[in-house]
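Going by the order they are written in, the chains are A, B, C, D, E and F; count residues from 1 in each one.
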Amino acid sequence: MYAISLGDDGAELRPLEPWRAEEFLAHIDRGREYIGQFIALPDAVTDLESSRAYLRSYAEKAAADAGGIHGIWRDGELVGGVLLRTMDLGQGTAEAGCWLEPSAVGRGLVTRAARVLIDWAVRERGVHRVEWQVAAANQASIAVARRLGMRKDGVLRESYVYRGKRHDIEIWSVLAAEWRAAGQGS
Amino acid sequence: MYAISLGDDGAELRPLEPWRAEEFLAHIDRGREYIGQFIALPDAVTDLESSRAYLRSYAEKAAADAGGIHGIWRDGELVGGVLLRTMDLGQGTAEAGCWLEPSAVGRGLVTRAARVLIDWAVRERGVHRVEWQVAAANQASIAVARRLGMRKDGVLRESYVYRGKRHDIEIWSVLAAEWRAAGQGS
Amino acid sequence: MYAISLGDDGAELRPLEPWRAEEFLAHIDRGREYIGQFIALPDAVTDLESSRAYLRSYAEKAAADAGGIHGIWRDGELVGGVLLRTMDLGQGTAEAGCWLEPSAVGRGLVTRAARVLIDWAVRERGVHRVEWQVAAANQASIAVARRLGMRKDGVLRESYVYRGKRHDIEIWSVLAAEWRAAGQGS
Amino acid sequence: MYAISLGDDGAELRPLEPWRAEEFLAHIDRGREYIGQFIALPDAVTDLESSRAYLRSYAEKAAADAGGIHGIWRDGELVGGVLLRTMDLGQGTAEAGCWLEPSAVGRGLVTRAARVLIDWAVRERGVHRVEWQVAAANQASIAVARRLGMRKDGVLRESYVYRGKRHDIEIWSVLAAEWRAAGQGS
Amino acid sequence: MYAISLGDDGAELRPLEPWRAEEFLAHIDRGREYIGQFIALPDAVTDLESSRAYLRSYAEKAAADAGGIHGIWRDGELVGGVLLRTMDLGQGTAEAGCWLEPSAVGRGLVTRAARVLIDWAVRERGVHRVEWQVAAANQASIAVARRLGMRKDGVLRESYVYRGKRHDIEIWSVLAAEWRAAGQGS
Amino acid sequence: MYAISLGDDGAELRPLEPWRAEEFLAHIDRGREYIGQFIALPDAVTDLESSRAYLRSYAEKAAADAGGIHGIWRDGELVGGVLLRTMDLGQGTAEAGCWLEPSAVGRGLVTRAARVLIDWAVRERGVHRVEWQVAAANQASIAVARRLGMRKDGVLRESYVYRGKRHDIEIWSVLAAEWRAAGQGS
């Protein structure tokens, strides 16, 4: 039922709930190759059952107040999303992430969506530090981190095996004070 | 983050998520006596822990695509809500319900909110029959059922013990075809 | 080990325990088409594993004091049964049901068995209201409800999908006072 | 509902189900000291909650077809019982046991009840060997084993700590062929 | 990482942890026929998954302080082992066992390993009685029990079905005082 | 039973199993203030029950092949330990950590113990990257990381709340190739 406008082009952010499993699978199928360059999401969503299981795992995170997933719709079609892979309110930390199918690239959709989500985490939920983990070669995602005002905390050398290759993982972050000072999300 | 306007008076419908437990408890505390006349909700929400457990049980229902709970905000304050106690998409059935604190009575808030929720169930999720179970003495709730275009299916004689007294329970319902014909929710 | 005589014709009521799974399956196989006209029991009991799972689920209900299942034997053969699908002693309510294979129809076996079971629920366990849910077209089961002294509480319109068709469900009930007054079970 | 006559004196064997927890506790309270001389049953049944938990554990054994508990009633009062602590149908083995409150001692009630239970295990369920484990000093229980036609397989030296003292445990058993030959249970 | 020397021939005792599943399976495969003469271990370890499940079940016993499994290595190869199938510290009892592949027979490996394990149980953990259950025809295992200073407590007649045949099971045991007096393990 | 010598001073590494809960608690009690300067271990081990729960959680990690905990004994007394908080063999990564009570500081015990553990992870289990997370102010632990040949990957700014204060967390790591090249652990 719910939706948040992401701007004048009609893009919207909506809860990505388990009953969307079929729509989510179709979206992942459209972007499987592109999305799967650096992240394992497409490997986790390969049929209707795994799609539902993936969304259900995030619904359970939300029920435990420990994360969440939201989709980006453009012209009535699900084209990508943003998520909180983890949220630890006792520690005041969260890790955000994103994905996008290729047809929707280049419009700033992910940055706009991540701004809404991070702003909610910082201002409504009191999160102190939002982290962004990204393969060092994933320039598009690193560009989003920069646009969100994040700084690079370090590089976890050879820490991630994906599709048989070992990757460096960069950790970027923004602190609540930095977020507010930059006027992000407002 | 999400909200749906319920009309020109600024009332809004929002997901009632587990992290709202404190706000939910304060609201129930304000309406404990009034809400508790006919329904056991206040008995299930007596402190922060039970408030969180109650909302979490509904978050888990939503994760299983089997129900959900939504709050009504007026002037920035949570004053009531609507819920799907059960939703069985295999059978195409759902049971809806509502509650309201006394300060918000008389403005049609619950009817407006229930219309949004039932309309979503019927039009987006394909629910065929929405049921409304209500104590025979609960005139306010029966009036909502009528305004929603529901018909009385029967009376479960002496089927419900609440606060030491046995109550008849009326079952009201609206079928998808009736909902669409009446133009409810549009 | 246990058995209760249901009358002079040698019919007996016995606990229908998980170790009877093979016998139960054979019985359902004999009556699959007839029993399956209105109730889904045969769809839940299709092989030895599902038969055992079905009986085990009722053994677990009995362990939780929340229901139970009992078989009717005639000439040493399991031919049908009665059950308490639910029993809620806090509310003082229970829902009873029955089934029979065609060879045993017309002898009043189900009515006799249901009398024993309901009488136990009302007199030994203090149940206040026993309910009987039945598809409106299931005349045989409705006749049992009448013979048990039940009254029709209402009709849940189009509430039950079975084998691709939508059915009205009638709710019949008898209250403890009515049961005692009618001298049922004695 | 169910009962089996144990003889002309009106004694009966009945399923000892979880809803009997209050009656079971009262019975154990009457025999707490006497029953607790050699077996730990009274230590496991000290209040209503533990009484219900104990009976529920046996209901779950029965649901898994791995044991069961039955009470002996005399003059309408629960005075003792027999049980299958374990039953392993794959191995064809079971371990039986018994207890009795002092007021009912000396009438052969336990022997009669155990005959019904073992006979069911051997003849209806195909158990090949029924075992009886008993503290070496528990002469009353050893006498029951003898009356049931059991033979002593051995003595587990100092194998059981009970109330701070170490006991030898005797193992007695009867095999199906012996049971049938002796005409026990018939 | 850990190892205990079993003597001058280089044999060692090591924890047999779940990550050894592949090595354990290869070992069982080499001794499948010989080991399987009297014990069911080879039937429980038939592929990598069941091998891991078997070792994991013992890791969980160790986590619950209720048992454990240890392998014997000779010339760098896993050739057998000893285990505590159960350990009940409240009762001060444990049941030990062993197995060996045929290439390693005749060197006293199992006796040496069992001495280490039983000594740990008796001296470090305070176990009062260690039991050894063995098929009456398993002369090799009975010889180990004798060498460990155990005495025969009795014979459970026809208590064990294995590969379609019924076996007598002998129970041997050693008490802590006997163990210390015999200077076993030192 | 098991122990590994850590050098000529008699120090030993042993599995820190749940049955050591009492000894572990006494050790933590001796070092509670010192150990608790930067890590939360003492807050998790406050009585016998929590001590057992803590060790059991690591026994379960070991059962799942996903971590482990080992104690350092000196002069027969448990004085500290090393652990793998996580181990992900699919990714080839692990996170190591350590603690020490003040009486044992300054002898290189933790470095020696960590070498054994990391060497096992790298050489026996094929771990590619071992990580060390440490509060930026914890100079003693950072010195261990340096002695283990680790390099600093970055600083997670203000990522850790401990005792009401927010800390930067440094991430250090060593890769398998670096470990082998440095001849660590040999």
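The definition used in the following text is that a contact is a pair of C-beta atoms (placed from the backbone, for glycine too) under 8 Å apart; a residue touches a chain by one contact, two chains touch by 3 or more.
All values reported here derive from a predicted model rather than from experimental measurement.
In terms of the stated touch criterion, the partners common to chain A and chain C are B, listed by label.
Listed here as common contacts of chain A and chain D: no chain.
With centres computed as the average of Cα coordinates, no chain lies farther from chain E than B. The pairing of chain D with chain E is characterised as same-residue: of all residue numbers used at this interface, over half are used by both copies. Once the centre of each chain is set as its mean CA position, chain B and chain C turn out to be 33 Å apart.
Chain geometry summary: the mean Cα position of chain B and that of chain E are 62 Å apart. Computed centre separation for the pair chain B/chain F is 52 angstrom, with centres defined by C-alpha atoms.
Within the complex formed with chain F, the residues of chain E that make contact are 1-4, 13-15, 17-19, 56, 59-60, 62-65, 116-117, 120, 124-125.
Contact residues on chain F toward chain A in their complex (touch as defined above): 90-93, 128-129, 131, 151-161, 166, 171, 173, 175.
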